[in-house]
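Heads up, there are several structures right after this.
Same chain, two partners: chain A is paired with chain B first, then with chain C.
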Partner chain A sequence: MRTIDTDVLVIGGGATGVGVLRDLALRGIRAALVEKGDLTHGTTGRYHGLLHSGGRYVVKDKQSASECAVENEILRRIMPHCLEDTGGFFVVTPADDEAYVPLFLKGCQETGVSVHEIAVREALRREPLLNPRISRAFEVRDGSADSFLATHSNAEDAVRHGAQVLTYHVVTGLERTGDRVTGAVCEDMRSGETVHIHTSYIVNAAGAWAGKIAELAGVKVTVVPGKGTMVAMNHRVLNTVVNRCKPPADGDIIVPIHTVAVIGTTDVHVPDPDVFGIEAWEVERMLSEGEQLVPGISKARVLRAWAGVRPLYKDQDVADDRDIPRTYKLLDHEARDGVKGMISMVGGKWTTYRMMAQEATDAVAAKLGIQAECRTHLEPLPIPAGAERKAGLYWLGKPLAAIEADSSYGHLICECELVTRERVVDAITSGKAANIDDIRRDTRLGMGPCQGGFCTYRAAALWHELKPATPPANDPPHGHAGNSVALLRHFLQERWKGLTVIAWGDQLRQARLDEIIYLDTLGLDLLPAPAPAEQNGAEMVTAHPAIATEYHAA
Partner chain B sequence: MTHDHIELSLEQSLDHCIKCNICTAACPVSAVTDLFPGPKYVGPQGQRFRMPGQPSPDESVDYCSGCRVCNEVCPTGVRVMELNTRAKAAIVEQNGLPLRAWLLGYQYWFGKLACGPLAPLANFGASNPLLRTVVERTVKIGRKAPLPKFSTYSFRSWFKQRTKSQASKTAAVPDGSQSTAPGSRKQVVYFHGCSTNYYEPHVGQAAVEVLERNGFEVIVAKQGCCGLPLLSNGAFKQARSHHEYNVEQLLPYAQRGIPIIGTSTSCTLTIKEEASELLGMHETAVRMVAENTYDIFEFLRLLHDRGELNTDFKPVQRSMPYHAPCQLRAHNLGRPALDILELVPGLQLSESTAACCGLAGTYGYKAEKYQIAMDVGAGLFDFVRASGSDTAVCDSEICRWQIAHGSGLEVKHPIEILREAYG
Partner chain C sequence: MRDTIVIGAGLSGLMGALALADAGRRPLVLAKGQGAMQWAAGTIDVWGAANGSLRAALGELITTDPGHPYARAGAAGVEAAIDRFRALMESARYPYVGSLERNVLLPTALGALRPAAFFPATMAAGDMRLGGAAHAGPPLLLAGFHELRDFFPPMAAENLTGQGIPARGVYLTLPPIARRLDFNTRVFAQLFDDPAFREDVGRQLRAARGDATRIGLPAVLGLRDPLGAVAHLQALSGAQIFEIPTLPPSVPGMRLFTIFREAIVKAGGRLQIGAEVLRGEGADGALTAVYSAAAAREQTHRANLFLLATGGVAGGGVRTDHTGSTWETALGLPLQAPGGRGEWFAPRFLNEAGHPIYRAGIATNPQLQPLDAAGAVVYRNVAVSGAALAGSDPIRERCYSGMALATGWRAGQILSSEL
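Coming up: the complex of A and B.
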């Protein structure tokens, strides 16, 4: 058993939690963060990557729109390396009602969302595959964001300023002394060790899981997990974020992010953020709605489908989950429930994470009687070592240009996403990655067209070579080799689950090749290691029920 | 932008790549140098990182020789070479056409200037080691690369002379007009290309004689360079005007169903598909000319299939090695020259299995690529030398020069052998 003392404990390693951690650290407040998986393992790592201009909310959710517009500019300043300035369009397709346009423009004006109309001809010149039958086009300051890199940059800065980050630590209980929360009991999922964290204050930033954390303190917080399914296309069909100019609905946006274009998204209430599947109709809806924006897109190659759960906070009755405001809410449990020592930050968007963190930290600082001002909007984030992206905004060709600059193309582990051996080795030896999926979040390994077909065995082999000296604590059957095989299987499983609902056409052909590589050539199912389902909360893989998501069909 | 199905299939071919690496395994260039990371890397893989309006992120695509082996072996039909060549064109568009690419792309101008009476002088210059070293230092054209010899007369001048002297016949004046006198004789248009005209008029002479042996009246239409040297150097804008000119000249014949026949596999491939695909030119006129264009042995084989080929061959008691050039293989015709030449009694041709001679158009002329080209061709040179023959056979002129350079053998166009068989 380990004991940690800190002033503030942040629960949740998504954008908000890590944002709060950085803010606390910059204000000189001693802080630690626990996350049950890897950083960004939850919703932050599963969203479509849109840096909102705010345009999407200008009619029905004005507060969110204003917040996005403000934060958009701040993020461009503090984390250019995580953002791509793709620009964004709102277009009126033949399926949309032009009557929405005046509402949209009025909303933009009221909320401070920058917008101007451009000629349809100009929009088509910039995006030749866009539906030529659009009647109007409006340009906004949308962009795309690398939420993995942003979160890691925040975490790195927080650690630099003295904060602690504990990943793979699941909160199993909160300790209460009378009406005050005084600490948390965690389990280190890799070693099975129990960790007690004594703290003066807890920030519940668990997103869709915030209700579950609050429950541990005996407080009721209703978070509605709103599942959003997204579909990634094989390459950048568009280079500009394109939205339908209409009230938000399923499949009305395409976001170019890194090498892919993501069509989003559905909004389906799920009872539990840990248990959900992706259904065929959702993929079909994305593609058929996508046709309105890019005719022919449904015939192009789909790379993968995945889902994330929105942490929607429901404090009053609304008819539809899509009507729940996207704005965030700070819950002071002392004022609200009479429970001291804890606040919950719920709702919100990735784009407003910093603002949420600022508000949460302001509240905590006030409780602790600390005067320090927020500086997160002023100080640029550091670029994590190993990320080849240099300063300045990201652009699509940047990773290829970097590989070309030092001719490191002979050292690619993941060919599709140009991940070099050096970066994978760094991820393994730094100790931050607990499995290959964690390396993926750092490097994009396995996120390209072949979905791990050619990189998984290479990454597993590197892991096997580099980690022989540190056998895992609860010695798995077949020792070190068994461990490496388990890692390999886990990552393949993680990649393949995103293919099951889109298994047709070119991607089915790809999946078949991958299957031949792993099952026929390598005989993976015959290798001596327990199958993931039989593993007893394996320390390196995410079969643990607390962090396993999407394993079960709804 | 409207897309027809050809253009669409090129774009979609990116989606068809399943990363199997078969193209990289088969690539003759990446097999001999680390400077070329392979067709998959610079092709479908690199393509996902290219974006219109942004800087070209990669320079290594320049090491693709454009031999099209990748296209041939791809099990899912990805048009790797086209992706690569378009990526090169994007670099040219961004940086401009370097002097060397300009010189290689417009090499027919040297033919125009040096072919004829000045040929001996020009050939002295072109073979002068000192001068070649200066050229290598200044414009980086390899000093050892096999430059062809300028001919003392051009094919066109020979043909004109011959037409004049055969005034009794009703041959058309080769002015490209539509005024060819209608007659009972079957007509064909001969596309000689720059090399035959300025360097190897004997190939064109053989072709004309073989066609005439088969009862055809040969028309030598007005024509320009097919534009391939420009295309492979990424100079798309310039290549387009060449292709447009040729289509304009050849269309009247195509419209009348007169076959257009070439002895240069690269020229015919360019007219058939390469120019239109790379440049996205899919107009009716372009297609009509393309559909009426044949490699000479493709045409002779068609004649044979219809029972119309004159097979009155004299025995040729020789055995020679034969190499089907990349450009011919890209026609997807099999080996028409072998099919026809095997009708010649006594003639034995053994086919090479080498992927490429290495020169690949203008590729091997570039100083930094000379050795790569030689290494790529090494297997082929060994094969032809091992045959013990003093002559090798190959359809493409550039490949002939490279094989001759690499092996020391004389290399002939198969049409020259066939003409020999007609006696």
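Coming up: the complex of A and C.
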């Protein structure tokens, strides 16, 4: 058993949690963060990557629209390396009602969302694949965001300022003394060890899981997990974020991000944020709605589908989950429930994570009687080591320019996403990655067209060569190399889950090539039989039900 | 006009073209690309699950599963195809060894032991049955290069060790004559064609070998004379050298393609790569012409006989879409395939029984003529071979190359003598 003492414990390693952690650290408050998976393992790592201009919410959710508009500008200043200034359009397609336009424009004016109309011809010049039958086009300050990099940059800066980050630590209980929460009991899911964390204050930033955390303190918080399914297309069919100019609905946005374009998203209530799959109709809806924006897109190659769960906070009866406001809410459990020592920060958007963190940290500082002011809107985030040229906004050709400048073509481990050996080695030796899926979140390895066909073998081999030969606690049967084989099996299974709902045409052919590689050439299935748990990937981190989502077959 | 057209330039199509050429015909091979053989290991895998005699396993399969492509080839057809294949490879100084008595076990780049019936002589010293069942012999050495990102000796060596086959993995230093910015398997194969490059590598192997008597290297040991390259490296290193297949593109596959192409051309046949057949035209139950997409225009090709060897999902002969439709790409022949997309996959990637969609293919009669859903012959002058055939998942069954050879050979014979 280990014991950790801290002043503030943040629960949740998504955007909000690391945002709070950084804010606390910059104010000189001793803080630790626990996350049951890898950082961004939950909703933050599973969204479409939109940096909101606020335009989507100007009619139905004005507060959220204003928050997005304000934060959009701040994030451009503090984390340019995580953002691409794609710009955004709201377009009226033949399927949309022009009567929405005056509402939209009035909403933009009221909420401070910058907007101006451009000629349809100009929109089509900039985006030649856009539906030529659109009748109007409005330009906004949308962009795309690398939520993995942003989260890591926040965490890195927090650690630099003295904070602790504990990934693969699941909260199993909260300790209460009378009416005060005084600590948390966690399980280190890699070693099985119990960790006690004594703290003066807890910030529940568990997102869609916030209700589950609150329950451990005997407090009721109703979070409605709203599942959103997205599909990534093989090409950047658009270089601008394009939204339908109408009330938000399924499949009404395409976000270009890195090498792909993402169509989003559905909104389906799920009873439990840990148990959901992707339905065929959701993928079909994305593709058929995507046709309104880019005719022919449903015939293009789809790389992958995935789903995330929105942390929608429900504090009154709302008929449709899409009607739940997208704004955030700070719950002071002392005022609300008579339980001291804990607040919950629920709801919100990735774009407003910093504002949410600021508000939460303000509240904690007040409770602790600390005067320090927030500085997260002023101080730029650090750019990960050895990557000065990442300074400035991201642009599509940037990774290739870096490869060319270094003449490092010969070191590409993942050709699709231009991930070099150096970056994979960094991800492995940093000690934070527990499996290849964690390396993926650090580097984008395996996220391109071949979906891990070539790079999984290479990454597993590098892992084998770099990791000290310490057998994990659960003792895989074949020693150290057995572990890299288990990693390989786990990652291929992870990729497979996102492929089965979209595997047809060329992507099915790609999946079959992966069989030729892993079965015919490498004989992965012929290596000694894995333990039954490992077949589902559980060996890689844990069989703990708290993160079992990862291992449910879709 | 060519009297025979072969559609597809994979192992099956080329074997069919060879059979046709042997029978005095001058086949035209039309293909979109170079065929899937450059993706595979380059061994001839007849039946992976066979524990003892492959002959016996094939005999049993043909009896119990008469719809299997092997049943169409027949036991004698399998043997004849392999004999002809081996004769061709022998004449090209790239001999294959092995037998239908049993599978050998060859190490993979992951350190697994994969069964194969026949394999290039350059892989022969990798047979893990050598040195007795207990593998009591001296440890193996596996050697590669950091610059070759498709072959990692340490992981393979440790997996072998974990299975009771002591092995060490090392990296060699790229000789200074080879400074380049990027390397792939083909570039390495060209380097190994150079005796000066081999001299340097051979010296490093001698220094690294320790008590190892066998050394595994990635299967990139030359395109021109791999057997000579292996002999040279053996002389230099003082150990037996064997090749281990790498990730695609596969150099052993490239060698096979070259050997087949030269033999077919020499016999009066022709290969037209970059000519994807998009549709066919028939009359009175016979195919009369096929149309290919050439660089600037559509081309028409007329013939009396056709061999369809376009492969399955991987090769591109079977195509699918998001509605769950499946179709045969060259001629639009009826397919035998699972229903909607919900039935295509098992939840686990490594599911032992495989994924049903990969069994999709063309149903045929014993003459390999394509059948429609009612069991009637679609075109009487067409034979089908290889992974385009229904009734098998050749990757899971580990008979991808064996089945391609056997059915390609049989289809070529049927076309030249029986139809």
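Basically, the second predicted complex is superposed on the first by the 529 of 554 C-alpha atoms of A that agree within 3 Å, B and C clash if a C-alpha of one lies under 4 Å from a C-alpha of the other, contacts with A are read in each partner's own complex, and residues count from 1 in each chain.
By definition in this document, contacts are C-beta pairs under 8 Å (C-beta built on N, C-alpha and C of every residue); 3 or more make two chains touch, one makes a residue touch a chain.
For clarity, every value in this text was computed on a predicted model and none was experimentally measured.
By the touch criterion stated above, A:Pro94 is placed in contact with neither chain B nor chain C.
In the superposition on chain A, A:Gly338 makes contact with neither chain B nor chain C.
Contacts of A:Gly369 after superposition: neither chain B nor chain C is touched.
In the superposition on chain A, contact is made by A:Val485 with chain C only, not with chain B. Contacts of A:Lys398 after superposition: chain B is touched, whereas chain C is not reached. Of the two partner chains placed by the overlay, only chain B lies in contact with A:Asn234; chain C stays clear of it.
Contacts of A:Ala280 after superposition on the shared chain: chain C is touched, whereas chain B is not. By the document's definition of touching, neither partner reaches A:Gly431: not chain B, not chain C. In the superposition on chain A, contact of A:Arg509 is made with both chain B and chain C.
Touched residues of chain A were counted for both chain B and chain C, and C has more of them.
With the contact threshold set out at the top, residues 407, 409-410, 412, 454, 509, 513 of chain A are in contact with chain B in one structure and with chain C in the other.
Across the interface of their complex, chain A is touched by residues 36, 39-41, 45, 108-114, 147, 149-150, 152, 154-155, 158-159, 161-163, 180-183, 245-248, 250, 312-314, 316, 319-322, 324, 341-342, 344-345, 347-350, 352, 357-358, 395-396, 398, 400 of chain C. Note for the complex: chain A touches chain C at residues 280, 283-284, 287, 298-299, 302, 407, 409-410, 412-413, 421, 454, 457-458, 460-462, 464-465, 478-482, 484-485, 488-489, 492-493, 495-496, 500, 502-505, 508-509, 512-513, 515-517, 519-528, 535, 553-554.
For chain B in complex with chain A, the touching residues are 1, 12, 14-21, 34-35, 37, 40-41, 45-60, 76. On chain A, the positions that touch chain B within their shared complex are 128, 234-236, 239, 259, 300-301, 395-401, 404, 407, 409-410, 412, 415-416, 418, 448-450, 453-454, 506, 509-510, 513.
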